[in-house]
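Notes to accompany the following structure.
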Amino acid sequence: MKKLLEVKNMHVSIHTDSGVIQAVRGVSFDLYESETLAIVGESGSGKSITNKAIMGLLPVGGRIDEGEVILNGRDITHFSEKEMNMIRGAEVSMIFQDPLTSLNPTMTVGDQITEMLMLHKPEMTAEQRKNRALELLDMVGIPNPAERFGQYPHQFSGGMRQRVMISIALACEPRILIADEPTTALDVTIQAQILELMKKLQKKVNTSIIIITHNLGVVSSMADRVVVMYGGRFVECGDLDEVFYQTKHPYTKGLLDSIPNLQLSDQKLYSIPGTPPDLISPPHGCPFAARCERCMKVCEKYQPSEYEFSQTHRASCWLYDERAKGGALI
Amino acid sequence: MNAQMNIPQELFTPAGDNTAKQEHIARQHHSAFYDGWIRLRKNKAAVVCAVIILIIAVMSIVVPMTSKYTYFDTDYANKIAKPSAEHPFGTDLFGRDQWVRIWYGTGISLLIGLAAALINLLIGVFYGAISAIMGGKVDAIMQRIIEVLVGIPSLIIVILFMMALPPGIWTIIAAMSVTGWVNMARLVRAKILNLKSQEFVLAAQLLGTSTWKIILRHLIPNTISVIVIQVMFAIPSAIFTEAFLSFIGVGLSEPKASLGVLINNGYKALRAAPFLLIYPAIAIILIMICFSIVGDGLRDAFDPRMKH
Amino acid sequence: MAKYIGKRLIYMAVTLFVVAALTFTLMKILPGSPFDEERFLRLEEAKQAEALARYGLDKPVPIQFARYIGNMLKGDFGISFYYTNIPVTKVIFSRIGPSALIGAQAILIGLAIGLSLGIIAACRHNGFIDNFTMVLAVLGISVPNFVAAALLQYYFGLKLGWLPIGFWKSWSCSVLPSVALCFSPLATCARFIRTETLDVLQQDYIVTARSKGMTQARMLIKHTLRNSIIPVITIMGPMVVNLLTGSLAVESIFSIPGIGGLFTESVKNNDYNVIMGLTMFYSLFYMVTILIVDVTYGLVDPRIHIAGEEAAE
Amino acid sequence: MTKTLLEIKDLSRFFTLSKGQVLEAVNGVSFDIHQGETFGLVGESGCGKSTLGRTVVGLYPPTKGKVIFDGIDVAGSKSQTQKMELSRRMQMIFQDPYTSLNPRMKVMDIIAEGIDNHHMAASRSERNQMVLDLLHSVGLDEEHANRYPHEFSGGQRQRVGIARALSVNPDFIVADEPISALDVSIQAQVVNLMKHLQETRNLTYLFIAHDLSMVKYISNRIGVMYLGNLVELASSDELFKNPLHPYTSALLSAIPLPDPKVERNRSRIVLEGNVKSPINLPKNCHFCTRCPKKQAICEREVPELKEVSPGHFVACHLIR
């Protein structure tokens, strides 16, 4: 399969008045054609910042300190604003977590869709743009699009608004769709609708999806490959089954054990002790050291290097260094 | 990769119990007000202005007491004397020393501004708090009253008050308090209504805390930032109103002096001696600027969400 | 919508009644009355009684008030004591022209400069223009308009002689007063639009807009300003009102025959009926402005349902 | 048979928004909670579960029906001693860790508020000691006592909230979505802590949440709510193994399971449309607009809750 996107050793820091947050401290992953990659991590893990850095949407004070972003063979890390504008929406587009605040409240839904077409498909006439927008609204399952075209976002429910966001993102059939916690703010039944819709559209529009989430259920139902992040660093990555069933990193294992299994009736739920690290003064060793039950002295001093278990399965943990005798977790 | 290679073997042994560190909070301990104080201190302009206000306030008390002239001694011999060593701010039409008069006038203006703002604070906080805490019918009625009062052009009413009552400092303050407290009442009511639905107030109710204790321990402490910020904006507007009243001739009467009176006298003698207008003008502008900047600084430090 | 406006009109009526009552009582306890001048005292006893009767001042106060309200509803605000025998309404309307012109010009200058400065300041946050605007804005609200008027009159009128120092001979007479009055709207506008724009720039839909790959200019106009301009309407009300009170001093400085100057004059001359009439005029004008602002805000901002249509499912 | 601690009888709670617009948050709900049990209450946003929780503790007076706590009518007329006793025995844990603690108060005073109200400590030193014991019981220590809420992480704040609720030795705690604002690993911490406290202090929980898998883990029995009505009630295993009401089965099938093999080959019921607005609801089964098995009767009558098998109640016309 053709490699669409390559992120190499990315470091991002955000300068705020309460200090410099080392939001991302070395992350690398690739994305292939018509594939769904899940980036998993809890709040403060840097999963969202990494993807905003790819799109050049870092908040004020945010900066890519190190690392490269290769999109379709071109290094876009230090593209100018003008060059990035050619890519945003055309080759890579993004949908966000909170549908209630992600749409412009004073602009009709129709205009917000046609605007995307205006930006990247100047050859289309206004008439064509409107028809394409109606087609998109129908494609994402919004009933009677003609009437809803002229309405405002506040007249749509949460689920409906997320569908509008998807129609905007897919308007120019981008190669990559980055979905930042698309269903976190939605109810379970609505979330199921949106996930089904995204799977159906992926085949129809042949786009690869990066889905950012902390919900491992969503990962197992959507993703082909998984990248796990913690404390701003890459922790583990691999195919879905490898990460879920041959888990290598203690954090991933801890996460999986923290979720109740519906089949068992009297399961003892494991809980990872302690709280996530403060990224203004990040721990210099492995970020998970303070909460890891198998922590060794080396983990507190040096950042672990990466170890390979298969062509696709890698983890960053000292346990798998030959000097660590004990070796494998499971 | 070689840096990783030469890590000594013994490091690969369990690091012992690190549970103690798990709940540890990295940043050193300080209170919510302390946080706000740091942010305020970083705002250099606000600190400088606060110092200026203090200096002005002190001078406005000290100078009239220590100077050999008083604000009413007339000396027709050297009318409209240019600013000199003897009279740093010169003398006015009646030969009165402007240095003393301006500091005395500033003092009066500050006094009026502070008093009016504090009275508006008291009425406004009580009215707003009672309206929000009682809720239901009482709140509805009190809100109707506010909606009616808001419709009244306050400055016109103040002028009429000034005409009807004998002029004097306390008349001005009383006049300004007729509808001056409405703003404070609306802000305090909105804040308390918001707090009342907050979960920590519900929790206090469930713990059996009496209404009075909820007001004192939960509602008031969280409303103080709103009150302080509003006062910081109320003082300059009161000073402005007083100056305005005196300028159109309904404020303080001679020989009493406030910044408004001085500006009015200065305006009358503008052609002959512009400095009689310029010095009091600079005084009032400086005070207004300082209060605005300190007010902004306080709002950004203690209550960032509240927009002006 | 009609129900909403109906409710507001009732409140206005109540407020007007309260203002009328308040002003009337203040009038009654005012020291001195127009009849204290020597001219009146020289008249014999009978003549004095007859003059009082003609103005209805011999009746007990509540009756006078009831009669006054009755006349007011018929649009008759009595006659001016100072401008003998000219109805108050005529006196007031004859003087609205200059005030309206100065007020309009002041607001236009204030909005034009204030909005543009505020928006640029927000976009170049912490840049030179941002700091400059902030300084200008603080100065704007700190310089009292009558001080500005006096200084402008002195320098541009007297010293340099570029503009007339007063009276109402030509358009050029309105320049200095308008400039004096425009400081506060300019400052309030700049500060407000800057805070609103900075606030909007942090909203999620701005990140969405940026992710669509549009130019900075398009995003500013189509997404930022579209949302930050609307709240500016809410400060139009207080701005107009500040102008009203500002004109009192400025018009007397430049001796402009406007209603501001009229009010100061009638205050000096204890011209009761004109004061009452003007207070009612100001109050009515004040509330109508606030109503217009609220209604326009409801119409312009699609999220508000004053128009009453429900959120479709 | 365990003692019934709480009886909820045909409870309704309406909010009149404006003339003619009545929000029916809770509509005719009845169930009991036994001593020492954890009763889970699930449903999507807008189903009224939080309103029910707040009405049970007495924060909202019921519009119709009664809440009887150990024989005392929570909303009825009570003597002062009964009122104080209720305010000691019933407590609540809230959802948002950032607004459930007073930002201007130290953690020590937040936890001690209940102790002071009920004069449970003879001296100040005893009061402080009680607070420290409470902090230890939720995994915190002296270092945290003198700090302010804004210095803590979400999970730690939630534990301070739990310590505050425990401060008056309650029998019954309503947990209103205590974990939905927390990360997965922190959720497990808080839930395990609540389970441990239940065993050591013989507590009874009403656990309200929309995350079904966590509710199943902690609850003995689970009630499912939809638009103000209780549509199904059963033991947690029974509910997951044999869901009867169409909405419950749709809800369970909508949960994405963290198990790729299972996820790949399971058919999913995806409900069409979304929840109606709970204002001026018609008198029928409110789920009829989205129910795949809808029949004529569903649009005319309100189904009542019937016990179709021991301990398994369901409100659906199709199931006798």
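Think of it as A, B, C and D in the order they're written, each chain with its own count starting at 1.
The rule is simple: a residue touches a chain if its C-beta (ideal position, glycine included) is under 8 Å from a C-beta of that chain, and two chains touch if they have at least 3 such contacts.
Bear in mind that the values here come from a model prediction, so they are computed numbers and not experimental data.
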What is the touch distance from chain A to chain C, in steps?
-> 1
Which chain has its Cα centroid closest to the overall Cα centroid?
-> B
When the centre of a chain is set as the mean of its C-alpha atoms, what distance in Å lies between chain A and chain D?
-> 32
Would you kindly tell me how far, in whole Å, the mean C-alpha position of chain D lies from that of chain C?
-> 54
Hey, how far is the Cα centre of chain A from the one of chain B, in Å?
-> 48
Chain-centre distance (mean CA atoms) for chain B and chain C, in whole Å, is 25
Where chain C touches two or more other chains simultaneously, the residues are 313
Listed in rising order, chain D residues that touch 2 or more other chains are 156
On chain A, where are the residues touching two or more other chains?
-> 157, 273, 275
Residue positions on chain C within touch of chain A in the complex are 125, 203-205, 207-216, 222-223, 226-227, 230, 301-303, 311-313
Which chain B residues qualify as touching chain A in the complex?
-> 1, 4, 7, 9-15, 18-19, 21-23, 26-27, 42
Show which residues of chain D lie in contact with chain A when the two form their complex.
-> 44-45, 153, 155-156, 183-189, 191-192, 210, 212-214, 216-217, 236-237, 240, 250-251, 253-261, 263, 268, 270-271, 274-275
In the complex, chain C residues that touch chain B = 11-12, 14-16, 18-19, 22-23, 26-27, 29-31, 138-139, 141-144, 146-147, 150-151, 153-154, 158, 191-192, 195-196, 199, 241, 244-245, 248-249, 252-253, 263-264, 267-268, 270, 275, 278-279, 282-283, 286-287, 290
Quick one: in the complex, what on chain B touches chain C?
-> 144, 147-153, 155-157, 159-161, 163-164, 166, 236, 240, 243-244, 247-250, 263, 266-267, 270-271, 274, 277-278, 281, 284-285, 288-289, 292-293, 307-308
